[in-house]
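Shared between the two complexes below is subunit A, which pairs with subunit B and subunit C, respectively.
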Partner chain A sequence: MTNFYTLTQTELAEAAKEYKFIWLTLFFVILGVTQPLINNYMDVILENVGGADGITIEPNRPVPSSGEVLLSTISGQFNQIGLIILIISFMGLIASDRNSGMQDFILTRPVAIPSYLLSKLAGHWLISMFAIAIGAAVSYGYTIFLFGSFSFSDFLLFLLMYSLWILYVISLAILISTFIKGPILIAVTTIAVSIFLILIKSFNHLVFQLSPGGVLNVAENQLLPGGEVNHFSILSCGVFIVFNIWLAKINLNKQ
Partner chain B sequence: MNTDITALLEIDWAKILPFALPIIFFNLLLIGVALYDWFKRKDRIAAPYAWLAAILLFQSLGPILYLVIGRKVIRHDYSRETS
Partner chain C sequence: MITVEKLHKRIKKRKILSDVSFTVAQGECIGLLGPNGAGKTTLIKCMTGVLHYEQGNITFHSKPIAQHKQDIGYLSQHTDFKPWMSCGESLRFFGKLSGLDAVFLQEAIPAVLEEVGLKDKEGYKVEQLSGGMKQRLGIAQAILHEPQLLILDEPVSALDPIGRNEVKKLIARLKKRTTIIISTHILDDASAFCDRYIVIKDGAISGTIDSQLQHADRTQVLVKTAKTPPASGIWPGDGVAYIERLSPTAFLLTGTEQLDLKKVVHDLDAQELDVTSIEFYEKGIEEIFLEMVSDT
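== the complex of A and B ==
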């Protein structure tokens, strides 16, 4: 267990040395600020920079509720461009260790493979959730400032569910990097699989709802109640994470 | 990328500035972090001036790509070893 703590600490120290905490947070803050501002000031922007003479915006259009704006921030920005940058930022999490020989160095010590893999999982999860939580909090602040109040406990619950999805994505990246050698190829495969999971989560069938992306349905339901949700998908997402790590361990053992 | 500079002159800045300000501020901060790192490493990385152009010209994506990829691609400088 002490191995796990030490390895996680080195992971965090490395990220701090690469300014990862700073720029990943800045990136998510930019994403989080942009969406509510664009939603609120669309007519001003179109008038001034759109070059859109003749386009009129319905003056009595329905104003989106703050829950809807938060949802569009998350599913439109964080889950697309944000997810891609996040995966690119940890594409080398095992590949760079292997290429520099650090993996052999660590695994010839009395370090169990599970604690090595779990330290990767925990370290990168902490880094990502630090950035995402600050970005989402800034977005939340702007949204309640521009669109009216929204329950803070719902927002926290949403972040909790969303962190499970991030945990799944990281475990997926770990699993794929035990199969594939090159970091770029790892990033592309992970992005493709996770976007595919985001696409199939909204089909209304038990198999799709219990797929790893199903936890996103539960998370989005915190922001905008109404849809059918299956709370078992939280459990199934956890099972998938454990399964990924287990498979990665078997794969590393073989090598 | 929009290259039509004249459009910038026609914008009603007073109207657009209050909400463009935070976005511009955070983007400048991101560029600042990337530039700080670039200055420290510009003798060691491969193609430093191409990365400088990428940082300055591509909004938010350039600095990120530099910080993820660019700073790790170290130049193989064999001339220094012989001298």
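== the complex of A and C ==
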């Protein structure tokens, strides 16, 4: 356990030295602000940027609800471009240690492989959620200012569920890192698998709902209730995370 | 102290180590020699518990090596610390991972930095250090927890002559109190401190070289004569095993043990061959090594 703390602390210190807390947070804040602003000022934007000839904005169009705006921020911004940047930011989480010889240094100590892998998971989850939470909070602020109130507890529940999805994506990157050596290929594979999981989560079948992306349905349901949700997907996501780390441990042990 | 028995290792179906067995006694300094790609680093990674192996046993004081990570200090081939850490922070990080408490580290870190010649560098960032200094810091992290066995993978290969000299002196000092296994392909460096050499080629042990180099055919004497030398065969004199006629006026004596040159001259005189020149020739460790790993 001491080794887990030491390794996690080092991950966080390294992220701080690389200004990851700052640039990643800024990035998510920008993403978080963009969607409510675009939704609210679409007609002004179209007028000013030009090239809008022939486009008619329906003056009586329905104003989206706060939940809808928050949902489009998360599904359209955070879970697409945000997720890609996030994965790129931690694509070297195992690969850089392996290539620099640091992994050998660490694993020749009395350090259990699960401690090493869990420190990577915890460290990068904390870094990611720090940036995502601030970005989402800013987005929440803008959204309720422009589109009306939204339950803060539902927003927090959404963040909690979404953090589980992020934890899964990091565990996936860890697992893939034990198979593939090149950071770019690790990122591409992780992004491809994540997008695939996001695509299949909406299919109305138990297998898809209980896939790792199923937890996103639960998260999104906090923002816009009404969809069909299987709460067992929270549990299944946890099981998939444990499975990824277990398989990564076996793979690292074999090498 | 450490026993490797019938070790086999494959990586992606390619045989890397095959039936490797040897033992290292306490207090010994062993050189693990072999050309690049021979399997030295893989063997070392198996010995340090980093790599899994399919068959065989590696025991440390008769117990599985995995139970003795605390007793092993390791320096990898490519020493690379977190560049943003200071020397002190790096050692504290590795010390904590080795289970050392903060109070112990408070005293141990300045002491170990002094030992490796980096006394005033505790606050220096790793990225500010030269190659030789980084390597000495690497050795510092390997000895910080006072291990019984020190495993150094190519500790001097990537260094300039000054850096090499610094690290060699340090290893020579450490040899007095720790069992050491050094992997290298720079034989001159290894000969400065190794007691014994294990030669590995294509993943298998080719043989061992004793540090005293009392090797059967290590010493040779090239003799030129005015008269025709005797035919190839057993030399009648003491301490020389065989004779090889090279030309009508030259032959080679190959020794079975350390040759006494005076005695050889006396024997040659007794043969009345009218010796015109004698060249005493002693094979170096490098030549012995090359013969062992050569394909022909």
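Here, the second predicted complex is superposed on the first by the 254 of 255 C-alpha atoms of A that agree within 3 Å, B and C clash if a C-alpha of one lies under 4 Å from a C-alpha of the other, contacts with A are read in each partner's own complex, and residues count from 1 in each chain.
Following the convention adopted for this analysis, contacts are C-beta pairs under 8 Å (C-beta built on N, C-alpha and C of every residue); 3 or more make two chains touch, one makes a residue touch a chain.
Owing to the predicted nature of the structure, the values given are computational and were not obtained by experimental measurement.
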| item | value |
| --- | --- |
| Touching partner for A:S89 - first (subunit B), second (subunit C), both, neither | first |
| Partner chain in contact with A:D104 - subunit B first, subunit C second, else both or neither | second |
| Partner chain in contact with A:T10 - subunit B first, subunit C second, else both or neither | second |
| Contacts of A:K254 with subunit B and subunit C, given as first, second, both or neither | second |
| Touched partner set for A:Y41, first subunit B, second subunit C, both or neither | first |
| Common interface positions of subunit A, toward subunit B and toward subunit C | none |
| Residues on subunit A engaged by subunit C in the complex (per definition of touch) | 2-3, 6-7, 10, 14, 17, 100-111, 253-255 |
| Subunit A partner contacts - residues on subunit C that touch it in the complex | 11, 45, 48-52, 69-70, 72, 74, 76-82, 84, 93-94, 96-99, 141 |
| Subunit A-facing residues of subunit B, complex | 7, 10-12, 15-16, 19, 22-23, 26-27, 29-30, 33-34, 37, 60, 63-64, 67-68, 71 |
| Complex interface listing, subunit A residues touching subunit B | 18-20, 22-23, 26-27, 29-30, 33-34, 37, 40-41, 44-45, 47-49, 51, 85, 88-89 |
